[in-house]
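Just so it is clear, A, B, C, D and E label the chains in written order, and each chain counts residues from 1 on its own.
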Amino acid sequence: MNALIIAAVLLVLLGVSYQSGFAKSRGLVTADGVKVHSRPQYHGSYSALWTMIPALAVLLLWFWFGAGITRSYTVGLLPQDVLLSLDQTGLNATLTRINALATGYGVAGEVAPYEQSAGEALRSFNFLTFAGTLVLAVLAGGAGFVYARNRISARLRARNSVERVIGLLLLACSAVAILTTVGIVASLVTEAFKFFTFINPIDFFFGTVWAPNNAGGAANPGKYGLLPLLAGTLMITAIAMLVAVPVGLMAAIYLSQYAPRQFRAVAKPFIEILAGIPTIVFGFFALVTVGPFLRDFGALLGLSVNATSALTAGVVMGIMIIPFVSSLSDDILNQVPRTLRDGAYGLGATQSETIRNVLLPAALPGIVGAFLLAVSRAIGETMIVVLASGNSPVLRGNPLEPVSTITVSIVNQLTGDTDFTGPQSLVGFALGLTLFVVTLCLNIFALYIVRRFREQYE
Amino acid sequence: MNPTDFVDRPIRLTARDVTVHYGPKQALHGISIDIPDRAVTSFIGPSGCGKSTFLRCINRMNDTIEGAKVGGRIELDGQDIYAPDLDVVELRARIGMVFQKPNPFPKSIYENVAYGPKIHGIARNKADMDEIVISSLRKAGLFEEVKDRLNEPGTGLSGGQQQRLCIARAIAVGPEVILMDEPCSALDPIATAIIEELIDELRENYTIVIVTHSMQQAARVSQKTAFFHLGNLIEHGDTEDIFTNPVNKQTQDYIMGRIG
Amino acid sequence: MNPTDFVDRPIRLTARDVTVHYGPKQALHGISIDIPDRAVTSFIGPSGCGKSTFLRCINRMNDTIEGAKVGGRIELDGQDIYAPDLDVVELRARIGMVFQKPNPFPKSIYENVAYGPKIHGIARNKADMDEIVISSLRKAGLFEEVKDRLNEPGTGLSGGQQQRLCIARAIAVGPEVILMDEPCSALDPIATAIIEELIDELRENYTIVIVTHSMQQAARVSQKTAFFHLGNLIEHGDTEDIFTNPVNKQTQDYIMGRIG
Amino acid sequence: QSRDTIQVAGSSTVLPFASIVAEEFSASFPEFKTPVVGSGGTGGGLSQFCEGVGDNTIDIANASRQIRDGEREACTAAGVTDIREVQFGFDGIVFASSANGPDFALTPLQVYKAIAAQVVVDGALVDNPYTNWSEIDPSLPDQPIALAIPASNHGTREVFQEKVVSAGFEEAGAPEGLSEEELEAAETTFRQDVVIEISGDYTETLARLNSDPNTVGVFGLSFYEQNTDTLKVATVDGVEPTKATVAAGEYPVSRPLFFYVKGQHIGVIPGLEEYVQYFLSEGVSGEGGILEAAGLIPQPAETTAEILASFEAGAAQ
Amino acid sequence: MATDTLNSPGAARARAVRSSLRRRHLSEQIFRGFGILAIALALGFVVLLFVDVFRKGIPAFVQSNLHLSVTFDPEIIDVSPAPARNGFATEAEFTAASLAWQREVALLNWNQVIEASLRQAAPAGTDIDSRTLLSIAETNARHQVREMFVANPTLLGQTVEIDVLASANAANWIKGNINRELGDAQQQLAAPARALIDTFVDNGTISNGFAWSIFTNVDSRSAPAAAGLLGAFAGTMWMMLIVIVLAVPIGVAAAIYLEEFAPKSRLTDLIEVNINNLAAVPSIVFGLLGAAVFINWFHLPISAPIVGGLVLTLMTLPTIIIATRGALMGVSPALRQAALGMGASRTQMVFHHVLPVTFPSILTATILGVAHALGETAPLLLIGMKAFVASVPATPLDQATALPVQIFLWQGNENRNFFEPRTAAAIMVLLAVMILLNGVAIFLRSRLEKRA
């Protein structure tokens, strides 16, 4: 109800100020052929902005502080002896009852006289503050409006002002990205630092044993060597890329260069479905289907392959990443100018020669960028690895054996039954921070590569 | 130069009743023409009349365009180039092409020229290749300018140099025919002059077909001229005749309408 | 046409010592020139000599190019167009521009022409707007050809028609100066002829500056010609004089070197 | 307007029980909304619990272990001073193997010998030589050793470590002259080749059993009871795990289950007190109650009564 | 060519060219073959996954219904009459009274009602104890009849025909999810119950029907057969709504700013690296962020779609920004110059010309970004959305869960024989939503591009 009234008042303010600015601007034109700098629409928006911003500011202030003020006012209505007799719970209950009385909903049971009077006082207080805020908002808006309207003249650069506000809004939007990063770092750093008060950073970054003692508390935290996790992460990522890059790239080449248009139109989104399947589904696919298959296949070759291993996780993750590589590469290949392709065909190159010798080198920066994006995805992937990697944080080089990764350990340590104040769980934040830094480095590297290639060939 | 020098050159390419459709749209309506050896034939005509389309028929570049269908018959030395058993790759090695916008590969100058010989397996060894590259660059009149930076990217050259690099690249394969589609339209007059001179020299060893939108250029460099209009070949003959004595009313209109 | 008709036209635009840098590279070295009212001034010179760069200085299109820095002073009717309080948007309404490649908006023909008047608030109502659109199209010599399909997309027209649409679009704002950067280079000769005729008509009401790479075109359409070379203004004067009696050796070389 | 839905989070072992209670609670108390039961592990739940007091913090943390001192301190520091512990039953932890395989009758010693990285042979620690169960003890099946145990992030792991591994280690006896650290390593280091650590839930353990039928897995009793078609349970020390044997304390591997209530939210969040009372009522967590049907091992009614009483008196502490 | 030129350099070249042709065409074939193989592999994986999911999921769309005639026996249903609205002074008093009455109703033993009707349906002389008998019907049956009664207290003493769900174990037995050959010890249901179920199936008391309940019910632990996706679906829809409402405008605006307005500087470089990086930051890190920022700082409710939506918004933003920037970058400079040359301001150029042209690409990018957010699980685990929620969120501030989380929860349910198909069915629903989104993207794109 109140919200509706506020919205209506704001709408009226908006409409009036816009129309008035518009009309005044119109009037300028008809006056005597003077050149008006901005169009009436801009003058309208100009005066609307000047009206809405002060009005909204007042409302926001009330929105922010109103609840607290009302509460302390209501508490002040209670008799001293009642107040003293109530604990927090009781006070809350009483306040709720008074509020129910004030809104006219009523309460069940006996109503104490002080409750009755407080309810009535609160009711009028609520009405007065609401009306007061609204009047204040209208006044503030009105003041802004009068100022803006007075300024409207042929020379007023209303368009520039309005566009500056639009520009600021756009800037604010792109600042969200920065804020996100700041937020991520801030929410990781403090906890990560707490972790490093337990564990020496050197032992963390260069340790070769990952054996948190989850029952041990802070006194006996266990070992937190990052290297086994890092090695596992890199191994799985490498295997994933070994699967995704050839398949994805060749699929992209086939789609963009060989396939008939209709086939491409169908096949491309079809493959992209792979990117949208929840990774947990892939995880089970890995555990139930791919893992045993690889084990049996390995047995055929006389290899001992664990059903859950870096290989299994990597292969399935590779499958998941295929669309990233293929879709992005496909777009990039299509952007290579036709003239280059024609140049090679004109020399008598076959299609595959053209692709290999001309198209791919020309598209390389973009493709490398796509690869690195896929690498980041692989590094950050969690669910597949949780299920398929075997969760064995031991430093070893054999991809046929189980490993563990950074993301898995984050999930394990943060969502397990571990002590959340001890290093056992804080390590999750340190790992998150590490992961963030790793992807950051990767991206800076990607940008560098892409720039260098661009410079060379443009 | 005296046009009669060329009238008796043997015929290298013959086209008979060539039609091209792009999807539903017919771009060429039964073109028949003979193109002589060791002479420059130029195709002129207003924009969109099908000059490039016909040029692309000659080395079957239209194969690479989705939806393009070619009808009729084109022969190179009496051999049907649209015969089913003909190898397009081989054909394109025999008929080279230079495009409107210089399009060097994003590789070094050396690799640009060496690319054709390499894929066709023409050079037997490194020395062979070096020789081919150098002689091609020399024929294209570019060698002196780039000899110190053969390993720098071809894309770093100026427009006129790039176009000559593309010509060198085409020559390196040892083609018999060279097709050029408005090779100077992206170049300034000085670069254009250099390329025109080069074409004049190349004429002695190659059959050259050039598409141009400049009638002066056609007059300057070619011995035979063909005038296209709306997908038809309107008139075709010795350049001198076409420009001074056009038989067809349309040709006349076009040439008189406005020069340049 | 007699060039003496134009020598006494009042000066509309004055440039003094204009320099342009693109990042570290200097593209223009101190250009000073006066451009007369109601006449066509053409800029000629080899590719890359800075013709377009200078043209873009006149309506401050260089502002939109990253890293471009303009020095010196340009005045339109005595008013410094680089003055800090000058509104670029207003300036561009007074100095229209037509580009090398026709670039109609992907909107209807009507909307293309109406766009300028709309953003500048020139038309008060629909009838006003209709009138502006029709008269602009008429002045650009396009109205008869498109009057039945004003609501079809402007991109569906032929190249020549598109270029005339762009001219109509520029005229609709009621500019005082029209700048054209190689307006015919993408057109066939017939379309070129139409545009050239149009320029000749427009000259009566506008100050026109045209960049062209064709010396014939410059000779045909302009009354004043300026020859640029390597970022310098080499020579500037009545078109007749420049083409028949160039004072400067470089100008002479360029004009003689090769025509077309 | 304060939140009107009870918010619970924590141990995934307790999750199924708490969810059932939540549903039935809202059916019996139409004036309250269905509580929301999140998971996230005991640590995760307690960490949310100890975030502070207020609408955006949870009211109840489910736990499969007791709150630790450090956690209690963190809670206090954040203003959560009134923490009421409620123990509501037991969870049995069982060894189970594929239903089609042979029977297992295990002892802690055998399990220890199967998974320890080093075992005592002739008074010295050597690398674990056993590949088949029958090599450890002829009474065990002749089947390759493979054991899927909960990863260390699970509370179950602690119980497994304490009630099985440590017990087995004691029994095996360590050679003389080992330092404290070496002893601990001998007790807690497992072989990587036959031990599979499961960080997910029991379904994942089961999936591993299916992909390698030789595996013996560690499960919750309730999970086993729901999957008797594919699983066969092993006895420990000759005792078969059933609700009765666990409740009677005969079956050694079990643990109590808890939840922690934020006293400061009682009276603020509607229904919080009623929820706890309902949870502890006979028909819910008592013998024959709905939770027993879902696999909970009930605790004696007297214990429950004491716990309820101390919960209700909690505010006075 | 004439024979006399056979030994000329030209002829040598021609021979060289010809001799290598076979090899080159072969390598062409091989290359192409690799392409086909890659495509086949990629498509094969999709098909494999689909077949896998569908094969498992289809049975979940069949449910077993028990047709019972339930008597609201006054002996069992021994309550005071329901309060009527007009007997009370205030709204609050009436609410209190009617809640008290509902409490009273809830405390009745409704299982007796169900048991009675089951016994009645069973063939005469069936010897079965009440616990075993009740294990045939799903436990929510008693709530079902109770709610009927609360809604219509006049039913007291009457008999009505209703359908209740057979229990999950009964459904397993009927559908053969559990091996029917297994012995008693391995079966979930006691032998008499199994026999009775078979009888019921034979005489039509139990029949199978399409499982609408998957779509109309919320999740349930105590009554697995009644567990549905509605709550999770609604939660997901709220989150998607928030993502669309926030991520799209903010993302497009940010892209416009960066591409069209921002001066090229160190700062924009930084933003660019930053955005690329955010696109690659593991999603679980966004979960950590969401928990710290939205819940602890902004005091937003836990387990609420608004937090999930905000986290997913932050996660999708970079994708949308990058794609939109790409689209903006692709707009030809000619169009921009045309607009600027007409005296349009930068803002006008962007909003009048550039944006309309790029609209199709932005749309596709957006939809794909949203589709990706749709399947995301990891960050939701950390903001309390991995939760059992048995209600449909009416606003984005209400507690809710999401489809992928529901999948996660069901997949871990110990009643595996029953939940394996349900999990697959939930995946099918999620896939359907995703494919729908993709389809819309493709459709809109082709429509818009045709128009342009």
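We take it that a contact is a pair of C-beta atoms (placed from the backbone, for glycine too) under 8 Å apart; a residue touches a chain by one contact, two chains touch by 3 or more.
The shown structure was predicted, so the numbers you read here are calculated from the model rather than taken from an experiment.
K.L.:
Touching both chain B and chain D: give me those chains, sorted by label.
P.N.:
Shared contacts of chain B and chain D: A, E.
K.L.:
Starting at chain C, find the fewest moves between touching chains needed to arrive at chain E.
P.N.:
Graph distance in the chain contact network comes out at 1.
K.L.:
Once the Cα atoms of chain B and chain C are superposed, what angle does the rotation have, between 0 and 180 degrees and to the nearest 5?
P.N.:
180
K.L.:
Comparing the two chain pairs, does B-E have more C-beta contacts than A-E, or is it the other way round?
P.N.:
Result of the comparison of A-E and B-E: A-E.
K.L.:
Which chain has the mean of its C-alpha atoms lying nearest to the mean of all protein C-alpha atoms shown?
P.N.:
Per-chain C-alpha centroids ranked by distance to the global centroid put A first.
K.L.:
Once you find the CA centre of chain B and the CA centre of chain C, what distance in Å lies between them?
P.N.:
Here the centre of chain C sits 34 Å away from the centre of chain B.
K.L.:
Report, in whole Å, the distance between the mean C-alpha point of chain D and the mean C-alpha point of chain E.
P.N.:
Whole-Å distance between the two chain centres: 30.
K.L.:
How many angstrom between the C-alpha centroids of chain B and chain A?
P.N.:
About 55 Å, centre to centre.
K.L.:
Could you tell me which residues belong to chain A and also touch two or more other chains?
P.N.:
159, 284, 348, 350, 353, 411, 414-415
K.L.:
Taking each residue of chain D in turn, which ones touch at least two of the other chains?
P.N.:
39-40, 44, 200, 204
K.L.:
Hey, what residues on chain B touch two or more of the other chains?
P.N.:
89-90, 93, 119-120, 173
K.L.:
Could you list each pair of chains that touch one another?
P.N.:
Every pair of chains meeting the touch criterion: A-B, A-C, A-D, A-E, B-C, B-E, C-E, D-E.
K.L.:
So in the complex, which bits of chain C are touching chain E?
P.N.:
59, 61, 64, 66, 89-93, 96-99, 101, 103-106, 115-116, 119-120, 166, 169-170, 173
K.L.:
Touching chain B in the complex: which residues of chain C?
P.N.:
46-48, 159, 187-193, 196, 213-214, 216-217, 254, 257-260
K.L.:
Residue numbers of chain D touching chain A in their complex, please.
P.N.:
Touching chain A from chain D are residues 2, 11, 39-44, 46-47, 50, 63-65, 68-71, 73-74, 151-155, 157-158, 161, 188, 192, 196-200, 204, 207-208, 210-212, 264, 266-268.
K.L.:
Under the touch definition given earlier, write down the residues of chain E that touch chain C in their complex.
P.N.:
Counting only chain E, the residues touching chain C are 264, 332, 334-345, 348, 352-353, 356-357, 452.
K.L.:
Within the complex, which stretch of chain E touches chain D?
P.N.:
Going by the criterion above, the answer is residues 99, 102-103, 106-107, 139, 143, 146, 150, 178-179, 182, 185-188, 220-223, 295-296, 299-303, 381-382, 384-391, 398-399, 411-417.
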